[in-house]
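The structure follows.
As written, the chain order gives the labels A, B, C and D, with residue 1 at the start of each chain.
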Amino acid sequence: MKVLSLGKRSVAVLAAVGLAVGGTIVSAHAATAPTYIDCQLFSAGEPDFIDPALTSTLVGANLATMLFDGLTDTDASGNLYGEVASKWVTKDGAKTWAFTLKKNLKFSNGEAVLPSSFVTGWKRAFAASMASEVAYHSYFIAGMEEYNTGKGGWPSASVVADDSAMTLTIKMVNPTADWPSIVGHSVFSPIPTTMASASSKVEEDGTKLVGNGPFMLEKAITKRAGGEVVIVPNPNYGGKAPLLSRVTFKISSDVNAAYNAFASGQCDNGPIPAGRYTELLTKWGTKGVKTTLGTDYWGFNWEDPTVGGTQNKYLRSAISKAIDRTQISTVIYQGVRKPASGLLPPGLPGYKAGQGLTSSRDLNGAISDYKRWLALGNKTPAPIRLSYNDGAGWDKVASIIIANLKDVGIPAKLDPYPADGTYFSKMRSGKGQMIRAGWFADYPIADNFLFPLLHTKSIDGDNLERYSSVTFDALVDSARSTTNKSFAQSQYRRAEVQALRKDVALTQTVNRGIATVLAASTTSFPITPLGMIAFDQIVKN
Amino acid sequence: MFTYTIKRLLQSLIVVWAAVTLMFALFFIIPGDPISLKSGEKSLPPGILANITAKYGLDQPTYVQYFRFWGHLFKGDLGYSYKNDKSVNTILHDGLSTSARLLFWGALLQLIIALTVGLTSAIKRGSLGDRIGTIFTVGIQGIPVFVSGLLAQYLFGVLPFQMHWDWLNFFKPWPQSWTAGVIPTDSWKGIILPALVVAVVDAAFIARMLRSSLLEVLRADYIRTAFAKGLSARRVWFHHALRNAMIPVVTVYGTSLIAIFGVAVQTEKVFSLPGMGSTIADSALSQDAPVVLGLAIVVIAFGAVVNLVVDLSYALIDPRIKIDSKAVH
Amino acid sequence: MSQPLLHIDDLYVHFNTSDGVVQAINGASLTLNPGEIVGLVGESGSGKSVTAMSILGLVPKPPAIYPKGRILWKGIDLLTTPDRELREIRGGEISMIFQDPMTSLNPVYTIGHQISEMIRVHSRISAKTAKLRSIEMLDLVGMPNPAQRIDDYPHQFSGGMRQRAMIAMALSCSPELLIADEPTTALDVTIQAQILEILEKSARELNVSVLLITHDLGVVAGICDRVAVMYGGRIVEEAPVDDLFERPLMPYTWGLMRSIPQMDKVSTKRLYTIPGSPPVMSRPPKGCAFAPRCEFVIDRCHTEVPQLIEYAPHRMVRCHRVSEPDFIAVLA
Amino acid sequence: MSEFEQIPQSLSYWQDVRARFFANKISILGLVMLVLLIFIGIIGPFISGWKYDELGPDILSAPFQKGHWFGTDDLGRDLFTRVTYGIRLSLTVAIIVTIISVFVGVTLGGLAGYFGGWIDTLISRFIDTWQVIPFVLIGFAIITVFGSSFWVIVAALVFTGWYSTTRLFRASVMQVKSLEYVEAARATGATTKRIILRHIGPNAIPPIIVVLAFSVAGAILSESVYAFLGVGFREPTPSLGVMISGSRNFLTEKPFVFFIPGSVLVLLTLSIVLIGDGLRDALDPKLRGVK
């Protein structure tokens, strides 16, 4: 009871800081299973989409995965398992994948989930007119990029559905050993025939969003701050039924408002406002803190005359060793984001600790590396620009790094860019020096980090550093084209070491994590490494 | 009066058109790449970007976009958010319901406070109340709204809780009987403090204006005439002095009604209210041009209407203004 | 003799200002009988306006204080009358018109509204009747087309017409006394005569007493029965108008008269001006207020304030030398 | 009761203004406050012993502890140093903005007011248009498009402030222009340039001085509002608005992080408003000679 009284006391204080979003507390339910009110998921404004074909944000995808089951999924321990698919095989070295589907699965409207349901879903999701931001995940499939850009018709030869045999056969552009993981992305969800022609604005009338997941939408969505999304168990669900009779997601205009709604007892969970982790974790406990598949890092512009190229390796290693990751973790994230030791985050299949140059501060090493760099004929550089997109708190991280670098004698300064779009487009075109970046896994595979972030083919894309290494590219390419999992894993590890330790193309700072405050009644709150809260597995007393 | 009204109405329409065009130019011509917000931390392949660009019609020349924008506007369609395809009409409707409530109570409180403070300090000139009023009205002008908003939260939320002053806590649920079914309970709780914050800054300014205007009017000969006629002091103040004193005050009130939007943005941000102001602020920061523009049209039109009403009410208050000439300004 | 209509009895009015106490009126006495038109003449600052405003209680208190004296209206002291009763007297029994017709009417209401308002404050009649009465009054003061013009605003009238409207308003409740404070000063010379004529005509017609306050002896000569001259906050001379013009008894009055240009006498001499300037009332002279400027000053004038004495029947004067026959002869 | 009041001995206009300004206790209070704040702003950074972006180990430590007079913020930076830099920044920005606004206002307002006709119509209609766009929107548009560098912020503030100075100067020129002596000057054949420089200019100046003061206060407020809303200066620039915005999370536990920059901002604007009030009363010819 001590915890409860503490909680009650802080209610009024915190409710004061921002007005709690309106709404009433749903009283004890007549149904046997408890109901659940979530203030965490949509705590930073309204969701973009919850339509699986369109959503590009973690929060939207989280809800989409509750409404739609794909072929595969990742569980809370990071293991891949079949959701609609019962098994999958490739006979030609990952060029073609055949999925066998479970029988007797149904959409919430009673329609059977068949291989052709995936064809229906994909035709919609990847159509040019939908203009889905996440449609590019389909480019692994032969002919799908042409379909998506309007240059070709539906690649019926690449996606073959056999409803009688319950098989779905998919032909890839290149050998893709990780395809079973990739296809777990929510954009590959099946849809019933009733949704085949639903437009991108189907959410304006949410009841048309019909899925095959453990939950279904109870009512039309009011996607705005102050509104809520309500899901109830799907009566036709073929898998394990959720333990909750209803989940209500409250949409708040900002994190403070959402936290206040939680603190005033309106919800069963809530987010933690930035900078208040320590204070709040002591109040609410650490049940909701979990590391997720994301890494923050600072990249070095490979083409920059001061920090780029092989000749400036010692300056980069000096910077990397100088950074106090523990300080960043504790001062800014108060331990929710932990110091990272490599680019791949813990929890990712194939993760190995210590792949980066260092995870702890090595001031002497930094000083001696800097001296070696100066000994090569370099002079003290003009302040190194730490570029970042403004307004998201990166300035504080950058400030710490500048202070860290000062101890070594390396001058540095802040270089903020106002809007995200401007920032990333400038960085992509090589305007940065030290580039603030981060990556969150789309699917739990090493390739999802290494290829887009560091491969030469990703320059102008997500390879903001414009890093180009023949060795690295060869290692990744060889890993991509093999079906030998252990060989692929070792190649990816060698590639990571090449980029982070040998070339120091980037220096990782912290691994991302999610911190949720939970009411005492919540006894189990599973979050997958991809950051998805498994609402169907939440246990509430 | 009728022709004058029509003429001013046309002028207002032109002003709205010009202001909206200015905003359109700022958001659609200069930045060039409003889709950039779509491409955040993860870059998007060119094919995906082309699809999105085509979906919002941004592949068309700017003038086509501009005419299309007005075409849709005349049909009552403000377009769709770049961020989540939500109809701007819906966003506007949602934001307006919060903001309208905030601004209505804010403007009303503003008027009540301004009239009460202004009148009493003018009538009881030199009294203790007048002095307190003057200090209040001068002092409050130095306080930006976001500071007074945070201060109000501290004084009426944090402090009463920490000190156990339950009677002062604005965030405690209020007794049901207070609302008496007029306004939903949580509206009261949610709106009273923000509305006060909205009201108080310009209320102080208007009160000062009213006070000095009234003092000047009270020295006028016709006020002496009115007293000499045997009118009661109340009638002289309210019937003869107030109406004359209102002439400069109406301008200030109009200006403050236009400026109230800026106040609302800060208040909504401070109190985390999901209104128009905070929506515009967030959308502008993420370059969600259709939302900014759609909401801005309403704000601009509101400003134009206020200007129009101010001009017309001049003519109503002061017969000396010749409404058929352009000497209104 | 019946009870006088108005009797101002040894009135003192002082003002507390940041420069000290300004002694605006230092013992003024004046009597008005029913039907009489009395002129109150003096320079600006002599206290004549303050006297007039004091009658109606229009001097703001503070800064004004009334240390001494009474203003008896039909036997009632107006200085101690409660505001509620005073309001009924204002406009109803005593009404007033002011110097500047441009600013004395409220610009935002029609003439008709302002006259009707006054009527309806003092008698319980309908708006319609009040309007008819207003039209009647405007007609009385010679306003052309009163039925139409009643809905016009003050700025739509000329100065003379506005002053007519003021007179109409002042007379609309059949007062017994009309105080006219410099009613013609702000008007064109050609209009002045018209207004004075209307004022006198209407007053005589309605049997209203008039207290005409002016700095212009010429105005007084035309219409007044009796004249009181004020200087330095005191009445210095009071006489029937003809007597006064014929033979002034006080050097100040004498000076005033000599400074009026005279049309009937051709003179090569420069027009006379009284030397010096009016007294500063925050530091009034110890003796006679006029002493510093007086051509006939004697030592006593500087030390002792002369008393107002009855020199002859209906002739009051305040001068130490009035008892010297030679002196009187000089003034004549 | 002015007819009984003493006429003061004749002073020249500016002597009179000065006398009247210094007789106003509240404006003196404002002046003293401002001078004090400027003084702290100038010497503060030299005496604090910290740099404004220097991170320290003591996070959110209360005032008067461990060598931090005003305590530290959430990154362990010295609040006193940041606040003193904040005063410098606010005043610098506000003064630059005011100078530009007044320059624009005097030029456009003068043109509109003196020449009238189509120039006046054009400028007045433009002001009408600009006026109905709330200032935050203008700021949002400019700053989101062009970024939040120093000069962009200055430009945004000028864009939000130019029209009030223009309108005021226009009105004041029109008023002076119609005065009799200007008419007389015109009648005697004085050139336009001479009329503007010798006759209209000096007489239209008093209102400008008042506007100057209020414009400085307004620019300080607007700058802080932009910073608070995230479209002005940003971390780690020590703008008072930035500091207040960052303090929101600590209002319950460490209110001093809000109260220190908050009260400095309020005192700064208030002092200027008080001076402006005093100047307005002192410069108003209608009140000349009246105490």
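The working rule: contacts are C-beta pairs under 8 Å (C-beta built on N, C-alpha and C of every residue); 3 or more make two chains touch, one makes a residue touch a chain.
Because the structure is a prediction, the values reported are computed rather than measured.
**Student:** Any chance you could check whether B-C or A-D wins on number of contacting C-beta pairs?
**Tutor:** Between the two chain pairs, B-C has more contacting C-beta pairs.
**Student:** Of all the chains shown, whose C-alpha centre falls nearest the centre of every protein C-alpha atom combined?
**Tutor:** Smallest centre-to-centre distance to the global C-alpha mean: chain B.
**Student:** Looking at C-alpha means, what's the farthest chain from chain A?
**Tutor:** Result for max centroid distance from chain A is chain C.
**Student:** So, what's the distance in Å between the C-alpha centres of chain C and chain B?
**Tutor:** 53
**Student:** Based only on mean CA positions, could you tell me how far chain A sits from chain D in angstrom?
**Tutor:** Centre-to-centre distance between chain A and chain D: 47 Å.
**Student:** Using mean C-alpha positions as chain centres, tell me how far chain B is from chain D in Å, no decimals.
**Tutor:** Roughly 22 Å, centre to centre.
**Student:** Could you list the positions in chain A whose residues touch two or more of the other chains?
**Tutor:** Answer for chain A, listing residues that touch two or more other chains: 13, 16-17, 256, 391, 419, 422.
**Student:** Identify all positions of chain B at which a residue touches two or more other chains, and write them in rising order.
**Tutor:** 153-154, 158, 270, 285, 287
**Student:** Quick check: in the complex, which residue numbers of chain A touch chain D?
**Tutor:** 13-14, 16-17, 256, 273-276, 279, 331, 390-391, 395-396, 399-400, 402-403, 414, 416-419, 422
**Student:** If we count contacts the way the header does, which residues on chain B are in touch with chain A in the complex?
**Tutor:** Interface residues on the chain B side: 33, 35-45, 47-48, 50-52, 54-55, 80, 83-87, 90-91, 94, 98, 153-154, 156-158, 161-162, 169, 171-172, 186, 189-190, 194, 270-274, 278, 282, 285-287.
**Student:** In the complex, go through chain A and note every residue touching chain B.
**Tutor:** By the definition above, chain A touches chain B via 12-13, 15-19, 21-22, 45-49, 54, 128-133, 135-136, 139, 145, 148-150, 200-201, 203-204, 223-227, 252-254, 256-257, 260, 391, 419-422, 424-425, 428, 437-440, 452, 460-462.
**Student:** Over in the complex, which chain D residues touch chain A? Could you list them?
**Tutor:** Going through chain D, the ones touching chain A are 53-55, 59, 74-76, 143-144, 147-148, 230, 234-236, 248-253.
**Student:** Looking at the complex, which residues from chain D come into contact with chain B?
**Tutor:** Residues 26, 124-125, 128-137, 140-142, 144-145, 217, 221, 224-225, 228-231, 241, 244-245, 247-248, 251-252, 255, 258, 262, 265-274, 277.
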